[in-house]
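In what comes next, chain A is part of two complexes: it sits with chain B in the first one and with chain C in the second one.
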Partner chain A sequence: MNSTDNILLEVRNLRKYFPVTSGIFSRVISSVKAVDNVSFHIKPGETLGLVGESGCGKTTLSRVILRLAEPSGGEVYFEGEDVFRLRGDRLRRFRKNVQIVFQDPYSSLNPRLSIGSIIAEGIGAHGIARGGKKREIVEGLLERVGLSAGYYNRYPHEFSGGQRQRIAIARALSLNPKLIVCDEPVSALDVSIQAQILNLLGELKRDFNLSYLFISHDLAVVEHVSDRIATMYMGEITEIAGAGEFYSRPLHPYTIALLSANLLPEPGRKRRPVILRGDVPSPLDPPPGCRFHTRCPVAEDVCRVKRPEPVEVSGGHMVRCHLVDRKDPAPPGFLADLTLMLHKPAGESGVKPL
Partner chain B sequence: METLLKISNLKVCFDTDDGPAMAVDGVDLEIMKGTTLGLVGESGCGKSVTCLSVLRLIPSPPGRITGGEILYKGRNLLALPEKDMERIRGNDISMIFQEPMTSLNPVFTIGEQIKEVIMLHQHKTSAEAGELAVRILDKVGIPSPAIRLKSYPHQMSGGMKQRVMIAMALSCNPEILIADEPTTALDVTIQAQILELMQSLQDEYGMSILLVTHDLGVVASMASHVAIMYASSIVEYGSVEDIFGNPRHPYTLGLFTSIPVIGKRGRALYVIPGNVPDPVSFPRGCRFRPRCLFAAEQCMTQKPPLREIRHGHRAACHFSQTIDKYVWKEKTKTASFLISDEQHG
Partner chain C sequence: MRNNLSTGETSRDLPEEVSRFAEAWRVFKKNTPAVWGLVIFIAFFIVAVAGWFLTTGETPVLDPAKVRLSEKLLRPLSPVNTDMVEPGDRPVFGIYLLGTDDLGRDVFARMMQGAWVSLTVGFVAVGISVVIGIILGGVAGYYGRARIKFMHVLCFIAFFASMILLASGRKEPALDLFVTSLLLATVSAVYHYLAARGGAGPRPLDFLFFDTFSVDTLIMRFVDIMLCFPSFFLILTIVALLPPNIYNIMIVIGLTSWMGTTRFVRAEFLSLREQDFVSAAKALGLSDISIIFRHMMPNAIAPVLVSATIGIATAILTEAGLSFLGFGVPPPHATWGNILAGGERFIFDAPWLMYIPGFSILTVVLSFNLFGEGLRDAMNPKLRKR
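Moving on to the complex of A and B:
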């Protein structure tokens, strides 16, 4: 499957465990399973949204895929090549093809380099162009992301958060990548600036046939940009579905809880019940059985002892839950009714939104 | 409905290297008893400074309140001696901040910090305060509160710390709770819990809440009235139904159409052109003019006052009698800078 042409990135059973040590000899006493048996794929020109709460392993997952952290197990294939075996030239080519945009544009740009040098760094390092030609490329990129070419010699502190994020995007684009990992690219920005960046990312995707792995905790943003969406909880993928299906037919209790907690800007809507009680358990001591059972409102005995395996319920819709029947998939228990409520328009007293 | 707090023509100025910055410029707000007022705006628009002014907590220098009135139960808070103000803080008006991580002192236990508040404001002994602290922690949904009193902030999660902050703010039964972005730093599922908690405490004690946020979903689900703030002034004010159902200021309309909403994937996001102006040098006339689709001659010279459009619904725009969501839709349909998201078909 990894050699098929229509899969750009394939992640198989990826694991990343961080050892927990104790005592003066740093004896390993246990491990934090930040990423645990994660599998998914991204096709060319596709955006996969990855949602989850803080600490669920989203960022670690992206770092392992980018080879910024060593995996504890599993494989990642990029265009059919095993990423963890790449060396030398082929690794360099991989690095050129996969770029990242970080969350905080205030710490991801070197304050001592000019904007021009920041964007040109990769172009020089990969020997794509030099001198005047290099400058020409950088100026073109600046204009492409909506900044003036005249900013070449200016420094990061002279720019606002939104402009800095554009600079970070120009840097990611400079090597003409196929996949860009966007790790919370709009979380640090104001709403009006957020719209600019989301629209820009959309345009670039179209113009360059880019693929994105789009990581965010904001369900509305993820739904807006993604073709498919995955939810992650305590290092595991709990559900993957096409964006339309994810919203209209969610199956995993965690997905339904997230959708229910997402507040729509429509007053008069009946207050949704708060489904999830308590906090995410400590990753040092993950619960046995299903990782989610301690917070799951419909958990049964089987969930407390046996870990669910991912099940494909329909084309491309994967869910990891004991209580979802493969043949007749429906949200478990009372969540089925709640799911219907998610789509009901605001009541009569409600306000028709813009 | 009884007006509990009335802010009129509040002005706050900060001295900066580039000159005086008007962080709050002529803000009028009212908070009714037992209701929630949502104060919405982007960073730097003056939301937090407005809140801090109510408690007279503006760091001075560089800041100073240069004008206006804040009437609480008939008394002007801005004219009170510091000693009286100390009694108002905590007892009558409390505040919770955005970052529960940085607003608790890391070297004291949760118990010591809550007890300090109770002992200071209610003149209780340490033992009495301890009992009260246990009860209030239980109230805000912290499991095994007696044990938790001995915890340090770093031993708690973000959601738990925000519960502790709420417990501290509520320990003296305030009439008004000022909540400055109380859930912004929290995950959505934790946010849902905290909002539910605030709502149930309001139902029980009948306190008023001034809820500052940039999240329109949070406002829609919590507030009865909404004020939209832009460039140090209120640009629109009304009931939550008025603001969400019939917005009349171009900034409000722009804000609402620039956020992605679940279930409306195909919709293009409107982009408010340009950037928020610098409070050291606001544009002349209407401050939203350089970014406004409807800007006209008049907007260059006259700053529009906050005027009533319909009963209780006010907007600060020369044309708010004619601009509404239908006019807006028509206008943005033809505007060339509106980048449509064709990727969704």
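Moving on to the complex of A and C:
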């Protein structure tokens, strides 16, 4: 990280291992490395997209950053403060500044509370406002996320998935946070509703000067919203790059495979996808060397033995791959071949406005 | 500056508000046996309350304890013999609605008094068991993963040993142990205060604060132990030690029937704790108390209420069984169980003495069970229309 000044969230070597126990004495026999040495940062006003397939540790990562789960190691700094050591008032201030929007809008709202009290809860708990003023704020938030203020006394089961996600967004906004972690906020929604929610998130980012950690498994969605994009595979960040560079000059074979599998928006146009063989290895027994080598189309001997370290190929573009040489700015030959398979015009968006 | 896309979806109005209660009632009233259960439940409630008013006081309207030796074992609906019974001792309307027993006591009056006993035993015992069950189950479900430190185990062992010694009358060793437990508690408090203040790294006395078993293990294994005893015999043992009165019976039944509720609440809490809305509440910075009582308890309470309804039926049965065996409410006070027990000797001469309390218990217990099952179906969101 070159520019350490003015960083909102910094994650350093974050680890989260889930112990696997056995027997009546709960002996720890091994662990699932859900998040393993993850490092990245988010600047104010920036959206970092985080892409990866199911089970790669995206959600665990977000939960650990929010202190909803205990880390196994590493540090998270929010505005320079070590998040894992916060207590009392400073923890409350952190809670106020960092909020989350969950994937499933059906389980993220308490079915027994009216949406007014769901959104008002944080405002009351942090003593921001009470009584009529609180209601005024909540009604303002409801209208801001595109719902009617008259829905104050309605219950979550009366709303559709998209509307519920708006309510969840209003709840996240209620504390006027600086960072919102969006944990696959549109994956559970119809495509047309996805576009509405993404546009809403974009507007809110401008109006409230928000930063997002935007987690998704859909590259098209991430491309639409992100300033920088990271890919994650088996608990590790494999590549981080600015959005433009990520799509125009991907370097990690996994990124290239992901991009090649992404559908192009024009009917009839097709890519030759880089087909990955096999399944993701069991996280209980991760492969030695590079985590990706079992499925990598260009893996070499060194990949099977030695864990690659992240290398910075150009400003802010980090890759965790043995085959990428930092001294050579052009992609190596094999990567060029893979990249050629992505007949992708630069700058074209996956989600087009309807 | 909002475009059409972000608001387009909400332009249509929502359907009429339907409350959860109305929705549950719609499902419930389709279930005929459950509705009958509810009707009998309400009728029983009215009878029991009326029974309490009519059979207490200086000169009760229905006197369940009045002995009329000339009027033994009369059939139901027999008129009173006006020659033998003084006007003040006669039943209302001059008729024994449900006959008399071997001492010439009015069975109707005794049944009314017994109804109140059954009702209060049912509700108080279940109330006690539900409160214990919710607290223990809630703690096991929410804080279950926390591990108890060795020092705390020592502290509690010392405390309980001192209480047991105190109860058995040996005051001096009890006092010693009590002081020891206080000392250990102080040491733990200082240790945790320093741990909270200071950073990481080893501290003195760390060797006394290693993790032992979890809170969940402690509570749930205690539940298993309690379930190992056949509860009726457990109750019999305790009742044999305690002076027999109606309050002790209620408390004892309550203290031996909370295990099911504990398991229920724990299971509900375990699943609710992983729900996103609980995570969201934590992310909002709400306190544990507010998360437990605002977010988890209201969602966990429905199955508890259902099992409580069925628990009332079980408690009524247990009380009747205890009274039948002579361990229940002591004799001058009538309960359905001891009316049944008294009638047993006259099964051929006066069968109504068995049939009346027997069928009453059957009806009430059955109605509670049917009502409880109907309630469970009505609370089941899968049966609701979306």
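Following the convention adopted for this analysis, the second predicted complex is superposed on the first by the 322 of 354 C-alpha atoms of A that agree within 3 Å, B and C clash if a C-alpha of one lies under 4 Å from a C-alpha of the other, contacts with A are read in each partner's own complex, and residues count from 1 in each chain.
Rule of thumb we're sticking to: a contact is a pair of C-beta atoms (placed from the backbone, for glycine too) under 8 Å apart; a residue touches a chain by one contact, two chains touch by 3 or more.
None of these values were measured; they are calculated from a predicted model.
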- Message: By the touch definition at the top of the document, which applies to A:S160: first (chain B), second (chain C), both, or neither?
- Response: both
- Message: Quick one: is A:E203 in contact with chain B, with chain C, with both, or with neither? Answer first, second, both or neither.
- Response: both
- Message: Applying the document's definition of touch, where does A:E53 land relative to chain B and chain C: first, second, both, or neither?
- Response: first
- chain B versus chain C as contact partner of A:L61, first or second or both or neither: neither
- Mind working out whether A:A168 is in touch with chain B, chain C, both or neither, as first, second, both or neither? second
- Figure out whether A:Y247 sits in contact with chain B (first) or chain C (second), or with both, or with neither. first
- Message: Contacts for A:I100 in the overlay, against chain B (first) and chain C (second): which applies, first, second, both or neither?
- Response: second
- Where does A:V191 make contact in the superposed view: on chain B (first), on chain C (second), on both, or on neither? first
- Query: Common interface residues of chain A with chain B and chain C?
  - Reply: 160, 162, 195-196, 199, 203, 353-354
- Query: Along chain B, where are the residues that touch chain A in the complex?
  - Reply: 42-43, 157-160, 187-193, 196, 199, 214-221, 223, 240-241, 244-245, 247, 253-263, 265, 268-272, 275-276, 325, 328, 339, 341-343
- Query: In their shared complex, at which residues does chain A touch chain B?
  - Reply: 53-54, 160, 162, 190-192, 194-196, 198-199, 202-203, 205-206, 217, 219-221, 223-225, 243-244, 247, 257-269, 271, 274-277, 279-280, 343, 351-354
- Message: Show me the residue ranges of chain C that touch chain A in the complex, using the header's touch definition.
- Response: 1-3, 5-10, 14-15, 17-18, 20, 196, 199, 275-277, 279-287, 290, 294-295, 298-299
- Could you please specify the touching residues of chain A with respect to chain C in the complex? 63, 66, 68, 85, 87, 91-92, 95-96, 98-100, 102-104, 107-113, 121-122, 125-126, 146-148, 151, 153-155, 158-160, 162-163, 166, 168, 171, 175, 193, 195-196, 199-200, 203, 353-354
